[in-house]
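Before anything else, here is the set of structures, which you'll find just below.
Shared chain: subunit A. Partners: subunit B in the first complex, subunit C in the second.
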Partner chain A sequence: MRFQKQITAAQVMMIIANTTIGVSVLALPRIATEKVNTGGFFITFIGLVIAFIGCIIIAALGVRFPKKTFIEYSSALISKPISMAIGMLLIVYFILLEGFILREFGEVMNHSLLDKTPIFVTITSMIIVIAITSRNSITTFAHIQYYYFPFIVIPIFLMVLISFSKMEIVHLKPFLGNNANVSNYLRGVHSVIGLPFIQIGTFILTIIIPYTKSKKHTVIGSILGILVSGITILFAVGVTMAVFGAEEIKKSLWPMFVLARMIQFPAEMLERVDIVFIVVWIFSAFTTLLSGYVLIAYISGKVFGFNDHLPFTIILLPIVILVALYPDNIQQLYDYMEWVGKGGILLTFLYPLILLVLSLARKKRGDHH
Partner chain B sequence: MGKKASRKTIKLGNKSVKNNHENVNEKKTTEPGLQMLMELKKQFKGDDDFVVYEFSLFGQYSATIVYLTSMVDKEMINKDIMKVLSRIPNPNKNPNAPNLKKYIQDHVLYLTGTKEEHELSSITNGVLQGKTALLVHSFESVFLFDTYKENQRSITEPESEQVIRGPREGFIESITANISLLRKRLPTADFRINYHSVGELTKSKVAIVYLDGIVNGRLVKEVKRRLDQIKIDRILDSGYIEQFIEDNPRSPFPQVRNTERPDVAVGNLAEGRVVILVDGSPNVLIVPATFNTFYQTSEDYNMRFIMATLVRWIRLAALLFSLLMPSLYVALISFHPELIPTSFAVAVMSGRAGIPFPAVVEVFLMEGAMEVLREATIRMPKQIGSALSIVGVLVVGDAAVSAGFVSPITVVVIALTSIGSFATPSYNMAIGFRMVRFPLLLITGILGFYGFILGVLLINNHLISLKSFGVPYMAPVTPMNFGGIKDTLFRAPLHAMKDRPEYLLPIRKKRIQGNQLNKGNPLQPTQSKENKRNDKK
Partner chain C sequence: MKYMISLLFGLGLFVLTGCWDRDEIEDRSTILGLAIDIAEEQEGSSPNHPSGIDVPLSNLGMLKVTAQLAIPGKVPLKGGDSSGGEPADSVWVVEAVGHTIGDAMQNLQQHLAHKIFLGHLKIVILSEEVARKGIGPINEYLRRVPDVRRTAWIAVNGDDAASTMEASPKMERVPTLYLTKVFEESVKVGKFPEHNLGLFWVATSDKGRDGYLPYIRVEEGEHIKIEGMAYFSGDKMVGKTEPHQIAYFNGLTEQNPGGSTAYFPFKENQGILFQSIKRKANNELKMKNGEPKVDVTVRVEGEIREKSTNALKLDNPGTIESIEKTFNQILEKEFATLITETQEKGSDIFGIGEYVRGKFPDYWDKEVQTGEQWKEIYKNLEITVTGKSKILRTGLKAQ
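This part shows the complex of A and B:
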């Protein structure tokens, strides 16, 4: 056997869920409501359905080639040079995304914990932790993701549960959004699925498929993963919108963060309970960034013809930091992020779809012998 | 050696034993036993311990016994070997040369563990191990009698792993005694021992013990493979072996468990692990080890399960305390005082008023002092040790506070940390956590709570990526297996733990088949049908 096939369905599920739930979720309610006001919840839903489809496409492709990595089977399907060129594009694209998520995380941290620390320090320390952790095998990567899953999902549900009492359904009406037309909707959905966490969340599947135990594990795991993360995100977005209302949400940068701040526990153990949620956001940012970093390192290893991804864990470090430091301010960051994310949909949704169609049409499979 | 030739020489010897013997010594004749003796003498030249005693075997053959006087049981040599070999046998049964060997074995010696050797090296080794060699001068083969006399202390309770409830026996330095302690508890034919000799000088006996049919064969093979690769001149304790066979020597956390308790070793054998014993060391090694095994004790299984679970949580909390407390304290005090409830914050701040250092430096100093004290207490003789700890803790701590050197709350935090690390049953895990605490403190001192979380992330990820003989260190938490969880955070009732730990991939997965207890109520017999039936019988 070429790989150690050890990753189970539960691990696939948690990898996808952890990767998808990232810092960007903090800003998601704002991004969704910007275009269509109260229709934000619905847009998030549509966005997640599309992400689900994207995930299924990649899973279907992976199941057809269970022993090969993405770059390997794409070069078998559409000649090697094209596959390599697109591989390069993917690397650049994910480096940009990784850098932007890192910057976003840094901004959140500086906003909440370290207001006097230069952003460079926050960013660099985090990415070093990630680079060190990414120097493990994919199986260990799956174990790490598995470990953090409860620390991320349970507190978010707890936050949703506690906030239920403050919810006002009026804020969610009209459900389809006021003064929203089709073009607004399309633009809104486009921005939501362009968000980096969804992109990395679906694409991380391409590198873990060769290590999963069986096809069944891959399929069940990916469906469950996107369902779990979708439900978590939907709940969190819905509750945030129901508590604040569309107008309020537009005013704050990270509406979900404000929601966490409002929570109070009856016993006065800590003055601010949101420190617990800061830990959750650090964990979720860590898992998302780790997935992104491992993804880039593995794709790079394959494209540049290395045996493993280890050299890239070091090479990538300064590049990602540079990208993260490039935007001047947070406004610019979100502009770039939207622009890059929207463009990237071609790469992460259309390209796998084309590959799948090609593979079906040419009846090429990699699971024989 | 041809039959004829040997008969000839023996006849010669029959005529004049002594004379012949002297001649041989001078001339270096073809007598093979004698040649062997010369070479042995050459090897042990200058060793005053080496005894060569010549005598006449059955009054007919010249022979020599050879042994190291400090290693052997002299009474046994005199009584059981020399006495019977020197006696002149019944003339009817007079042994002749070709079946002399068989005669000695069948009719004269009543010793088990007698071996016949031809190679010089194995004879030398045998003598070095306390065996007595019998060389019949005209014979090629040499008899080795096991006359080793062991000096061993009696079996006592291990001081590092004391229990309130449980056996008081502990391993000692003798490997045979240790194996007998294990065998006594496991009267099964599946019990397997494989001996290896490790260390060029010490030739230490290393035993791999496992239960055949339970343990995964690939694990045993890997243990043997790693032991065979060890290249070192001396093995003085099982700690040497541990350092060679562990997966990641650079990690601060132990990947091999050691114990002095036979009951712990047997429990682990029964779960499908491999135990490694080293002659001369009371600590036996258990592989593979996972993180959860380091906060478990044998007592957990002797206690009732609810209590055992609660105690386990306390222990785990203590372990985490010893790692996290100082850093968390620094993060809250010097970076995020707004997180502490107001009334408490005021109390803390007033306590810290007038302290010249930032909280990090203060904690570092006190932690450093604590480590020095702890190390000193270990090295001190017992009687002084207790006095020293009183002086150290009470006097120095109190004086430091009243001198305005540290704040009282810092002393409280440091004390909790130290006590936390004492509550960890495994010393090598506790020391790992103690040492990791300092880098964590450093990063927290620089980046505050954010740094603290990053440090925790790094430690966690390191723990998850560690492996012990291929078993993920954090199993069965990640990768999760529900059967295994029963014996990590919880200690499920004994009858509920039906399976052996899955991550060890044991061959026989079930510990027991069906375990329904039928409990009657003997003092109110009419109430249950079961008892009625029993009464009729």
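This part shows the complex of A and C:
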């Protein structure tokens, strides 16, 4: 037996949900509303539907080759050299994303809690913890994600619930947005699906599929996972938009962060609960980054022909830190992030789609002997 | 070896405490309230720029910031410890002048040993002059500082804002806490719409809406009175309502719980004191000849608290009905007055523009687009108001 097939549908769901909900969600309402104002909610919805499709594509591929990893079956489908070249591209792409998310996390921390701590320290301590954690097996990785899941989803829903009373439905109208022409919509959707959280969230599935208990667990888990994260994100974006309105959202760097800071428990039971909600974003950054790191380490292991991913957990460390420290400031960071993210759609959506089409056309499967 | 390792861990305990951002509570100057005035004094020497040269000013001119600082150890904890001390003892009022708020805050810092901390800022008071000149530069500063919480209140003082910081009401040990209580309790009993800093910013940002702030006045150095609402057009204050108009504004914007009272004449020399319990407003938007038209129906439910004469008997359903009818007319008249006043000043504090934007996006995209354009349209907007009152009860007295 080559793999320990232990991961259940619930774990698949939680891995995907945790990975998808990341620090980028803090900026999501702003990015979604920038182009089409109040249509931001709808754009987020479209973005999540596309993420759902991307997830299904990868799940479908994985189900056809349940014992192989992504790099293995892609070389079986479109010759080894091409697969390796694209594998390299994927590694570079995910390293960039990982670095940028790490930097974004560092910026959030520095803007809110740790204004005197050098960003290098915030970033390095986080990534070292992640590198150490990623040296565990995939099963342990799944357990870690399982543990964090309630700490991420429950507080976000709590935030949504408490903010319900401050909502103004008129801020969500018109549903399609003012100035909503097709080109604005396309650009908006492009920006949203270019955000790193969706891409890592769907691609992490390629790593965990060989370890899931059965096909059924994979399919149910991935559908549920993207649904849970999709609903959470939609609710959070919807409430943020309804509370602030499109114009106000455009004025804040992280609208959802501002929302978290506005929270007051009913009857003023506790003052300053905002810290609790900031801590949530540390968890969600950790789970997203951990998934990203594991993903890069595993793909690298396969591309460079190693037996396992362990050497790469060390090699990647300085590279990711360097990428994270490269942008001079947050404006540049978002610029790079948009650029890389938008380009990456080709890799993370189109490439798996091509593979799936090829696999269907050539009737190649890896699931029966 | 074991010894070395335990030594290493022991050392680590001291070195790796993660205390980069450690802040002792005694070592910071916690600002509870800020008052912003147009400066009449000259700026002293500034740490931010060479003195005597032209430094760009915002449209407000030179500003004076007066801050109320909490004195550590003197501010009583919630509940307990009521031992002695005048209200003014627990705080310290400091002022500084600068070209912008940020500049003034840094000048203020020069007066203080400890680092300024805005995380507990409860209230910002603007003088009317500042509000009328435009509060964009102030919002700019407050939005950028991450410590400032949106649950703080912002208000306009009719005379000079600094006097609010020095007022020392006897009810609370900390004057600013009393001041925020004034607003929070007014919201709770329905006498003032909820409109803290966060909501004010949302209203100012919205294209089809304008912000309003409580308009206060300090009397005899210790009473703080809400004297109406200061309403804005864009980021400039353009007018103020009378105190009684707040109640009608609450009705038009469906603020609940109700709680405001109205004393109105019913027939000759017969006054009725009516207190609202619940308000409901229904906006109906229509397009007429390519122009939006708004019908507002406001329902007010309430009770009769007092009447001025014994000649009037409240034991007859017919009387109650005719009181309701009289009150409906008064409601409609007052609503119309309030709306006309804001229309003259181009200040859509009711957020009708937002409803237009939501309901007729095509019209909005073609004719309006910007907030300024909406203010022009709002000035000539056709708004009809219907008031419907309902008297639920008349108290324990039978007549």
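Following the convention adopted for this analysis, the second predicted complex is superposed on the first by the 363 of 369 C-alpha atoms of A that agree within 3 Å, B and C clash if a C-alpha of one lies under 4 Å from a C-alpha of the other, contacts with A are read in each partner's own complex, and residues count from 1 in each chain.
Here is the rule we use: a contact is a pair of C-beta atoms (placed from the backbone, for glycine too) under 8 Å apart; a residue touches a chain by one contact, two chains touch by 3 or more.
All of these numbers come straight from a predicted model, not from anything done at the bench.
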| item | value |
| --- | --- |
| Partner chain(s) touched by A:136 [first = subunit B, second = subunit C, both, neither] | first |
| Touched partner set for A:68, first subunit B, second subunit C, both or neither | neither |
| Which of subunit B and subunit C A:117 touches, first, second, both or neither | both |
| Contacts of A:251 with subunit B and subunit C, given as first, second, both or neither | second |
| Subunit B versus subunit C as contact partner of A:30, first or second or both or neither | neither |
| Partner chain(s) touched by A:146 [first = subunit B, second = subunit C, both, neither] | first |
| Touching partner for A:309 - first (subunit B), second (subunit C), both, neither | neither |
| Overlap of subunit C and subunit B interfaces on subunit A (superposed complexes) | 113-114, 117, 121 |
| Residues of subunit C that touch subunit A when the two form their complex | 20-21, 143, 146, 149-151, 198-199, 201-202, 205-207, 351, 354-355, 357-359, 361, 364-365, 369 |
| Subunit A-touching residues of subunit B, taken from the complex the two chains share | 335-336, 338-342, 345, 447-451, 453-454, 457-458, 460-461, 464-465, 472, 474, 477-480 |
| Contact set on subunit A toward subunit C in their complex | 38, 111-118, 121, 166, 168, 170-171, 173-174, 176-180, 243-245, 247-248, 251-252, 258, 261-262, 264, 274 |
| Complex contacts: residues of subunit A adjacent to subunit B | 6, 8, 10-11, 109, 113-114, 117, 121-122, 125-126, 129, 132-133, 136, 140, 142-144, 146-147, 268-272, 275, 278-279, 282-283, 286 |
